[in-house]
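Multiple structures follow.
What follows is a pair of complexes built around chain A, which joins chain B in one and chain C in the other.
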Partner chain A sequence: MATFMSMRFTSCKLCGHPVRRGIVNVSKLSKRYKATKLKQADTLVWEPVIGLEIHAQIAANAKLFSGASSQYGGAVNTQVSFLDSALPGTLPVLNKRCVEAGVTTAIALGCTINKVSRFDRKHYFYADLPAGYQITQQNHALANNGEFKYFVYGKYETDCVEKSARILQLQLEQDSGKSLHDDIAGRSLIDLNRAGCALMEIVTAPDFHTGSDAKSFVRDIKMLLVTLGTCDGKMSEGSMRVDANISVHKPGQPLGVRSEVKNLNSLTSVKKAIDYEIERQISVLENGGEVINETRSFDVDTGETLPMRDKELKQDYRFMPEPNLPPLRLYYTTDKSPSGTQQRVYVDILEKEIPMLPRDKRNYLIEKYGLNSYRANFIVNALAVELFDDLVKGKNIKSFSDFLMHQFLNLISQRDLTVAESNVMSSDIDKLYEWYQHRELSLENIQKIVTGLIEKQGASAREIAETLDLWQINDEKYLTDLCKQIIEENPKHVAKYKRGKKRALDRLIGQAKQKSNGKADLSTVNDILIKMMKTGAE
Partner chain B sequence: MLTLTLKEALQQIRQGKLSANELLEKCIQRQSKIKELNAFITETPDVAREQIKQISDSSTLKGLPVAVKDNFCTKNIRTTCASRMLEKYIPPYNATVVQRLYKQGGVLIGKTNMDEYAMGCGSIDSIYGPVRNPWKYKYKMRKVEKSKTAGPATQSTLHDKQRLGTRGTHSSAAQHDEVYNDDSDWFISGGSSGGSAVAVATGSCFGALGSDTGGSIRNPASYCGVVGLKPTYGHVSRYGLIPLVNSLDVPGIFARSVDDANILLNCIAGHDVNDSTTISDDFIPQQLYDEPSVKGLTIGIPKEYYVKELSDEVKQVWCDIADMLENNGAKVIQVSLPHTQYSINTYSIICACEVASNMARYDGIEFGHRADNNESTESLYAQSRHEGFNDVVRGRIFAGNYFLLRQNYEQYFKKALRVRRLIHDDFTRVYENGIDILLTPTTLSTAPSYRWFSQADNRTRTAEQDVFTQPINMAGVPAVTIPIRLSEDSLPISLQIIGQKFKDYEMLNIAKFIEQEVKFEHLKLNDIAHLS
Partner chain C sequence: MFVYSTMALRFIVRSLLTKRMKYLSSINRYRSKLPDKPVWIEINLKDLPEIPELTVDMIKHIERLSLVDFNNQQGIERLHSAISYANRLATVNTDGIEPMYSVLEDSELMLHEDSITEGGCRSNILQNASIVDEDYFVAPPGNIPLKQNNKNFNTGESVS
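Let's look at the complex of A and B:
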């Protein structure tokens, strides 16, 4: 039985991909894989080059330069200070917490921290930018020259590879407000709650070559920020937004003209927008056209990138130093300058306070449990290290990590949730594993229960199993009858199987699953069917 | 009663010889009497009457009325910057300096007239009309015959057009000929804080706030014969001051005596959490010496301030005071501030750049004038800004945006910042070489007439009027102007004392010494008695 179970899992070692239910047809997949490879070979003459700008909202109670709340979801225009609405005479006052968050993040990204950085004004007219300029750091940023290692998952767990991207700059800046366009009444409405919230802009070198690279980078850096507590990482709430600079060129030739796709607010959008843009640019160039240096937006519904309106085209931002803020100085406790220590930010103190980073946690899982880097990264990204540590005790590591990955972590990561956010109790996971081990629930139905736990909060695993009538049927008589019926109803597949087409068996098992509403113990069904078809007992 | 200094009035109130309420009513009467001078944009007698009810006996200012330039935000009281853009703007908060004056027992008698957004040096570019100088108003009291102005007139022939450059052909000394004996003309108050200067000079209040970016306090103080103090940059909070040039703006004080200026400085100075450019060191208010001395001090006379355009009378006053100081034990030596000549051009660029940036917020969306235009957001911006700003403001916005363009940034803005550093270093070097203070004229001449002044544009006038005051803002050092004596024409002539950074008290002590020596005769209030 054990061999069978592991065979089932072999066929679904394909993570990082969209929802995959039921039995996966390996041969079909590999065909698709070959097709992609072929397509890649066609376009191999073009090399895409991608750089990212990640705007991460700093987790802080107040905005970067004002005392107004920076909480998400407040009633429209209720979190707006005089400064945020740019009332004449107001002045920015730097929020120390935001500086600390920036420094902490920069340290974790291995950046050089600049002891003196400066703020600049970047000018453009837009209704949700009340001052007519954004305060940012252009030429003298908080930190420069870091590096971040991330994992790119492949088709199989063993394809998982570690890559590295250079961080050019980490700067502090203000967010803008939100414009809401009322097309029917032909007017725009402005919500300034977000105006002035603190952002860390993390600028990478053009070190990516595919949408998948970029997506993986964003996924892992998001986890880093969440671990540090410097950003909540909630992309759906706009806490992290990505701009991608994309160009294509032929290796050995100068870099191509780039376009910038703005405001990508999910991991999927990062990948899709970049891949679309690469293909679009290649097609433009192959057809003798030219790529224009422009700003584009990504349409989530169509999966296309579109040029933004004229006024948002590249413009001269007329940068100027912000005259109302003195240079931002950072200190080390060893610095000699005794007076006025209260408002100072000490780099070395922040460095000591940095918690265990994702990369440390990953190494811990790899070293302690022998997990592969894919699984280690996946568990870390779901914030499931503690859960794994707790539950794996006394269990077979391989079997339990298989179970945890596929029956739980995949499901929550598809929903962009961490363990804590999923509201699933670790005791429920423990119970489900036990029931699974005792063949009381099928994998199929375990997923239904986990889905239920995530979606119907408050119900226990047992309640859901009872309500939906999901307990596995191991009764030999019932299963034998079921198999008999299936063999009778599918003479074609039986014949195929007998001719040696082993894949036909999967179809028959699929029937058993369907007919029993997922409750039949499929491993027993597998054995019975083979036995029946071997003996010819029809 | 209104000729008292603030210090004397406080003393008399303490001694029970005067009541603050009575004084306030006198000031309100005076304020309404001088309406023709156009010193106030918004008069707030009722605010003052309400405020004075809450004044405690222990407060510093005991309910004495003060005036505030109309570019400081006053909660629930409109603050216009003398611009159509903010004509109906009512701020929801008080500027720190206003708040501090209130807290110390000052009551607000009104918001004073100025050049639009403080861009100007005559207080004539206001949507509310020009401010008029109370001295020799309408020439009714004119004593001097035409022949006596021959001195300055001949001096104008010395003018070297090449040297003047863009300053125009009108010399500051040629004025008297053109307007002489003409009752329809009057003298300008100077600017941009002209309203505050006039309010103090006429006894409508016991002190006033102004802002000084290139001379906007010292210039009108000089023309109106009052003390004008521009403290060290960073000594007084700019929070709530609607900016002209953030890196040069300093809130300052108009007063009838140096002691008064010091009392008011003590009320408003010190760190403000809302202004990150104020110094964080603890501020300890200090009194000036009763009898300050200049013995043993070294006083610098910058040779670059000895310009051809300087009128003979002002030159004479400058020399006399230098001699007087020397006679009182000070060492007076000539010094050099070699980059002074570049200051005005540097200022033009930095000012335009910051103006372009600061004015970007006036789009008619959140506050301020909104044009009746629904075509598109852009055309709404354009029309609101066109209607809201005068051509001086618009001109500086255009220039600033040009200087800040990527291809111009290095050549103009960056270079201007470097020259500014050189100007700053000129002062540092002089002070490091043992100079305690610098003594210079405040303005080239006495107050020019309106008719003459309005013949050249704002830019030309700013370049010529701010020549002695503007480098001080570049350096961030404190300066105070005090009236010395009247010209033969009976107009005040003032000198400027330039101090060292954060040594405002040392500077004021020296000013007080000079003040005690010269015994300047303030505007006689019956001189303006003919006003309605």
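Let's look at the complex of A and C:
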């Protein structure tokens, strides 16, 4: 039953006739309300279950089983050995650096290292896999049963939560070549430079429940791999790819049928693809359909997942042990076995060589400076711990960390740059902060200077500030004159503010910003405007 | 004369016998894993795992996966007998025995240093390709399934 509340008589805006208007309050007993609430509650009941497979290309000079170069961006088909192009009579020889990288990563993820692991062949036909099989480690992998803790950010800084995911398996495998699909001419162009490059496949347990969880996990594990030096983490160059296995079920019931979304190559696509796929599966199930176990790909432009046509039939990979390779054995220096003439990989030596991990750096920042976990994780992920350490001496920690994060680190992360690549010197940041504290520069102009430094528009912060004339104007007289001008030019907004709409004040301040080219001290402008409008009202 | 011939005969026979005994004893020093007499075990066909029904869909699926052409009814029967032959392995008792994955089990896996020793031989790599475009291999598009040839498996004729 609808009940009218707070009625008033006004005139219709179109025809001028008197009309009664009021706010309709839909009673909570109404059927429509109940039906909507039930539908919303139903969607809340479905629990998504997500597992990830991360393929990280190992940072090594050569490929996994051959001596060809694994560098990115080489001329087409110039980094291909006879083994990579599957010419008969060639045999694989394992690269020591790749084993070391795999073991180091496994130790950092807290996995149990298997002293003996084996290689298998995974057979499928595709133009970019010349041999018709990929050498991987399916049944006896390099390491199993690890765990990784990561931070999920929320709406506010204090909503930052630490979660943990289990690592089921870490294995070494070969990459396939790259195929460019030319749909117009109906053909594929194959470049084998990437064929045979070493990949670490990190398989997680299905411990994720939202796209945001998965994205945070990938972000933090990327930082771990970059810190260890085992992967360069450049997802845009294909150094790291993520496949997600997604299913939904109602709590208490068995797990639903899962579908796989392959080749997600950026953090935003990880989140979007998983969220889309969860919604798609929920809507399929709620309409009485069934989820098909299939492989899908993510279309970045439309934000949808689409089935991959050539993976329609269920693939049978016919796994078999790789006959050309004996088992891979790992050693400890304390082992009693006689030392051979062969090169060996010693697990305990690698363990000692592990550098300071992101989680240790985070804990260091939290303990030394009392930062909250969001800020600590942000600074660690931006590789700015040293910078922060150098510059924060003698400054207010909270205000400086705020400044560093919002005026600098945000800007460089938007451009996919690291601190080292940004061309901004730590002395510049120091100066900018000093000027900001002494009210000589507004935040907006600071961002302009930082952008200018990144784009090499000036040699130093001072130079850019002088050239573009960005110094803050604190002169009372100038500001008062400016405010008078603005109030005269914008009577409508002034009237709105006087009526009680606070937003109008923001409009006036925006005008001040524009007119003074961002140089006016906005907090003083704010005070002057309010004073003027109050006296004006009287 | 007669005595000499028998003596000679006995001599020859004895030398042959000693040779045979030496031979036999040398064999016994390296004990043979082969049994002395042939051993024949009867396998009861009912103990073996059942062979699933080879439907036309399954045959098509296998043909697509392995790119092996079964062609006609004879091919399918051959597949059936191959499966039943391989099924006899199920009678071997493997309890408590570690599987052997390759005869290279005990050898040391060689590791090579991480240096670039190969590559840079584009002309060699591309020389056997039938179609090359601007140094890329040209292949048929990967996204379209192969044309399904509807075969009559009884006669081996194909009706596309």
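Here is the rule we go by: the second predicted complex is superposed on the first by the 460 of 538 C-alpha atoms of A that agree within 3 Å, B and C clash if a C-alpha of one lies under 4 Å from a C-alpha of the other, contacts with A are read in each partner's own complex, and residues count from 1 in each chain.
Heads up, the rule we're going with is that a residue touches a chain if its C-beta (ideal position, glycine included) is under 8 Å from a C-beta of that chain, and two chains touch if they have at least 3 such contacts.
This one's a predicted model, so the numbers in the text were calculated from it and none came from an experiment.
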Touched partner set for A:Arg318, first chain B, second chain C, both or neither: both
Chain B or chain C, by number of chain A residues touched: C
Which of chain B and chain C A:Gly394 touches, first, second, both or neither: neither
Chain B versus chain C as contact partner of A:Gly500, first or second or both or neither: neither
First, second, both or neither for A:Pro88, with chain B first and chain C second: first
Which of chain B and chain C A:Leu189 touches, first, second, both or neither: second
Touching partner for A:Arg121 - first (chain B), second (chain C), both, neither: first
Contacts of A:Pro326 with chain B and chain C, given as first, second, both or neither: both
Residues of chain A at both interfaces, chain B in one complex, chain C in the other: 82, 85, 93-94, 125, 127, 188, 190, 316, 318, 323, 325-326, 340, 343
Interface residues, chain C side, partner chain A - complex: 61, 64-65, 67, 101-102, 104-122, 124-126, 133-145
Interfacial residue positions of chain B with respect to chain A in the complex: 72-73, 79, 81, 86, 89, 91-93, 95, 238-243, 245-247, 273-277, 280-281, 353-354, 356-357, 359-361, 363, 365-367, 377-378, 381, 401, 404-406, 409, 413
Chain A to chain C touching residues, read off their complex: 60-62, 66-69, 75-83, 85, 93-99, 118, 125-127, 179-183, 186-192, 308-310, 312-313, 315-316, 318, 321-323, 325-329, 340, 342-345
For the chain A and chain B complex, residues of the former touching the latter: 82, 85-94, 121, 123, 125, 127, 130-133, 188, 190, 311, 316, 318-320, 323-326, 340, 343
